[in-house]
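Per-chain residue numbering starts at 1, and chain names A, B and C are given in the order in which the chains are listed.
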Amino acid sequence: MSAAMEVQPYVDPRDRGGAAQPMLIARELQRYFRVKGAGKGAVVRAVDGVSFTLFKGETLGVVGESGCGKSTLARLLLHLVVPDSGELVFDGDAVGETGGVNIGDLRRQVQMVFQDSYSSLNPRMPVQDSIAFGPMVNGRSKTEARRIAHEILVKVGLRPDLFGPRYPHELSGGQKQRVNIARALAVGPRMVILDEAVSALDKSVEAQVLNLLRQLKRTLNLTYLFISHDLNVVRYISDRVLVMYLGQVVELGPAAEVFARARHPYTRALLGSRLSMDAGRRIEAPPLVGDPPSPIDPPSGCRFRTRCPHAESVCEARMPTLGHWEDRSSHVAACHMTTPDSGHSLAGSA
Amino acid sequence: MLGYVIRRVLFAIPIALGVSVVCFSLVYLAPGDPLQTVLPPDATAETIAIVKHAYGFDRPIPVQYAIWLWHVLHGDFGRSIASQRAVTLEVFGALGNTAMLALFAAPLSFMVGYGMGALAGCFPGQATDRIVTGAAVIGVSLPNYWLGLVLVIIFAVEYMVLPASGMGQSGSAAFTLWHWSDAQFLVLPVITLAMIPIGIIARTTRAAVAEVRSQDFVTTLRAMGLGEGAVIRHVLKNASPQVLAVMGLQFGYLMGGSILVETVFTWPGSGFLLFKAIINRDIPVLQGTILALSLIFVATNLVVDLLQAVLDPRIRRA
Amino acid sequence: MNERAVVAQGAIPADSEVDGAPAIRVRGYWQSVLHRLRYDWVTLAFGVVVLAIVIVAIAAPLIAPFDPYQQSIVGRLKPFGWRGHPWGTDELGRDMMSRLIYGGRISLVMGLAPVLIATVVGGTLGVIGGFAGCLANTAIMRTMDVFYAFPSILLAVAISGAMGGGMINGIISLSLVFTPAMCRVAETATAQVKNLDYIEAARASGAGTLTIIRYHVLGNVLGPVFIYASSLVSVSILLASGLSFLGLGVQPPEPDWGLMLSTLRQSLYVDPLGCALPGIAIFITSICFNLVSDGVRGAMDVRG
């Protein structure tokens, strides 16, 4: 069969690196926040050395409990919050440095969908103006921006003549979230970060929005970073999964793999905490005990050791590393049990 | 808690300094040569030269401020142009008279305002509420000096049961509180002065009580079988911090904002002293009175904030 | 039947109507405020009165029966209901009704102008303070705090007393009294809005600070600012008349209600009712503005 008859995959004109180049590479991203009043020099280590790759066309799910740094990470990727240290490479170009891609260009190619809250949309603006704001700021005329807004509304399944002039308080939760998605897409990004985008929705509506997201990803050739605390949602939508704990990455790998054969004790505990509808599979003892330690003063060495059933002295002494996180198909965990020659009694067997 | 107290007190100090700067610069707002404002018009050249040097009018402004502040901190507010007495004497004497008004007007306005507001808050939307709210709105929309005039018309002119002005039959120096012949002079000014605070306290109390009543824990109390009287006690307790804060502020206003009422009744308090100082262009007295009154206001606010922190544990964390 | 109309009435669910929200008539924010006001007869009634007061003041030369400055030694202190002068005359023989009507002009100007000035100046300072960095914010807000430390009447009297009387000085003095409060309201509103998600989304879209202020912040800050300003008008009228009463505002022979109260006071024993009239005018104007502003605030606070 000749090559000409093969369907060529869509190539975005802004694509610089080609299909093999990851969309985003994050290396040792770090961001601390100073805490007022709680003693001198106290910092919240919101994101503490996070590294991962995001490949073009995939959906990377990011899970973790509240306070693990997911939202801060999302804002770091868009430079809404500036990283203290670490590197960000977008489609082969360094972000924020001379010769690389500047923040303005980054924001035209990466957008964010926020959680549906009362403040995610300007209550005094009709939704079509909220959506049109992005294109208008990026140089389109008002009429042009309005037209784009209407097009996008159609794409997310809302009739522009009916919903365009409405105000946020006149929409249901699901409709508002579609508007949020529309707002992110209006600028024409290649990558979308979704920060708890379905967390505030009823289950039935959540399913619709998730399907909409999958459909949009196909038709618009998008790459997703999907942040959520709901494991089932992440399982449904993600190709690969990244698990965070106290500002660090503890596990990274293909979704099916991670969910079936989790390598990190924290991931295992998280998966084990999911309640089942089957009465026969009742959980007797909670898989995870105690509260997460404070992000201001995390435990030395492996941060999970205070809640880990397999903690040993080496876990207190040395922080485990993630391993080869650059590969698409690798399944790695930051745990001494998965690292041979780490000194852990169970090393090499997990 | 101690940290909050210290921080709040420290915060008051720059405010007090700022207030002193404003008072100091009043002299420069006045048209004409500042030197003329502190001297009587018939001062000799010699006196002018002495005062000029003592107050530092020949030095740059920040230095003048420092000199003035130095004097103030030592209790020297200068001399009144009109009476040539020390301003300190005049101000503190007058403050005492204003304090007497405030000390009567405060409990009156607190009790009446709180009572009205609590009643209205417990029966929101009903007749009581509408009457109280209407009265409160009237209270804050009336010019209080006009109310004073009306009261004088009714009680002093038409029916002649109360005196129209002044403090005491034989003047303020001989004022004795426990003789009705003197004490009757208090009645009308106190009622007039209390009018606006009653309106404001009633409004605030009503809002606070109505809001607390609508909270979930009140429903819980009733569900537990608590009688309405006991429930109201709980509600009032929770509404108190907000109301007390407003009451404290109103006390500050009573002290600092009494000029209009005192002018109507020629009550020789700090407000009337201020009025006379304005008429006579007696700038040292003007400065001294305003400084004293505004510092009292700052101190009242400070005490109110600290009291609120004691009563409402949520504030201490801030 | 027009498919759109059918959908609008909720008969057929539109594509995404499975979410559950019925199709309702779309109304703009200000339209919904006006709609709510239409049913608030109290506010409407007092609004009409306010309008009447303003119209009477503007049309004073056409309405007033006499020249407000014309004195008459013979016709002094005539009581209410005197032939030719329905509301009597003052201590210099001038017609009370005319003076009250003309007095409305001055009282309204001295009531509205300071609030307007304070809103513009204080509002701008507040928005700047809300958006500025820590240092600028602290500088602005602490300066405002110092002025806030004075009771309003005291500050007004202090500034007016130092500067001397007159209408312009009175307006300046009152503007200075109200600016800190407006600044605080604007700064609080700005600080609240600044941290909301849609501002972050706007930044993520690539908008600069000024654009964000123009499109997203101003619209949401103007509401609280306007509400607070409208509640200040009645206070301003009261303070202005108080200043005039003390001789610090408008000077004689101008007809200002507060000034009239002060001069008529001397004739308290002779013509008590005459003294009361200017005060009634102040009271009515002040309470009407108060109630209208309360009503508008009520209509603006509820959303949706």
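Everything that follows uses one rule, which is that a contact is a pair of C-beta atoms (placed from the backbone, for glycine too) under 8 Å apart; a residue touches a chain by one contact, two chains touch by 3 or more.
Treat the numbers as computed from the prediction; the structure is a model and nothing was measured.
S.K.: Please indicate the chain closest to the centre of the assembly, with centres calculated from CA atoms only.
M.R.: Taking the mean of all protein C-alpha atoms as reference, the closest chain is C.
S.K.: Among all chains, whose Cα centre is located farthest from the one for subunit B?
M.R.: Greatest centre separation from subunit B goes to chain A.
S.K.: Give the chain pair that accounts for the most C-beta pairs in contact.
M.R.: If you count contacting C-beta pairs, the leading pair is B-C.
S.K.: Could you put a whole-Å number on the gap between the CA centroids of subunit A and subunit C?
M.R.: Taking the average C-alpha coordinate of subunit A and of subunit C, the gap between them is 50 Å.
S.K.: Roughly how far is subunit A from subunit B, centre to centre by C-alpha average, rounded to an integer in Å?
M.R.: Whole-Å distance between the two chain centres: 58.
S.K.: Quick one: report the Å distance separating subunit B from subunit C, using the average Cα coordinate of each chain.
M.R.: About 24 Å, centre to centre.
S.K.: Show the residues in subunit A shared as contacts by 2 or more other chains, in ascending order.
M.R.: Subunit A, residues with two or more chain partners: not present.
S.K.: Among all residues of subunit C, which ones touch two or more of the remaining chains?
M.R.: Answer for subunit C, listing residues that touch two or more other chains: there are none.
S.K.: Using the touch rule from the top, collect the residues of subunit A that touch subunit C in their complex.
M.R.: So the residues of subunit A touching subunit C come out as 75, 78, 80, 104, 107-108, 111-112, 114-115, 117, 119-126, 130, 133-134, 137-138, 157-159, 161-162, 165-167, 169-175, 178, 180, 183-184, 187, 205, 208.
S.K.: What does subunit B use to touch subunit C in their complex?
M.R.: The contact residues of subunit B facing subunit C are 14-16, 18-19, 21-23, 26-27, 29-31, 137-138, 140-143, 145-146, 149-150, 152-153, 157-158, 164, 252-253, 256-257, 259-260, 263-264, 274-275, 277-279, 283, 286, 290, 293-294, 297-298, 301.
S.K.: Tell me, which parts of subunit C touch subunit A in their complex?
M.R.: Touch list, subunit C to subunit A: 4, 7-8, 14-16, 18-21, 23-24, 26, 28-29, 196-198, 200-207, 211, 215-216, 219-220, 223, 303-304.
S.K.: Under the definition above, what is the set of subunit C residues touching subunit B in their complex?
M.R.: Subunit C residues touching subunit B: 142-143, 145-147, 149-154, 157-159, 161-164, 234, 238, 241-242, 245-248, 258, 261, 265, 268-269, 272, 275-276, 278-279, 282-283, 286-287, 290-291, 294.
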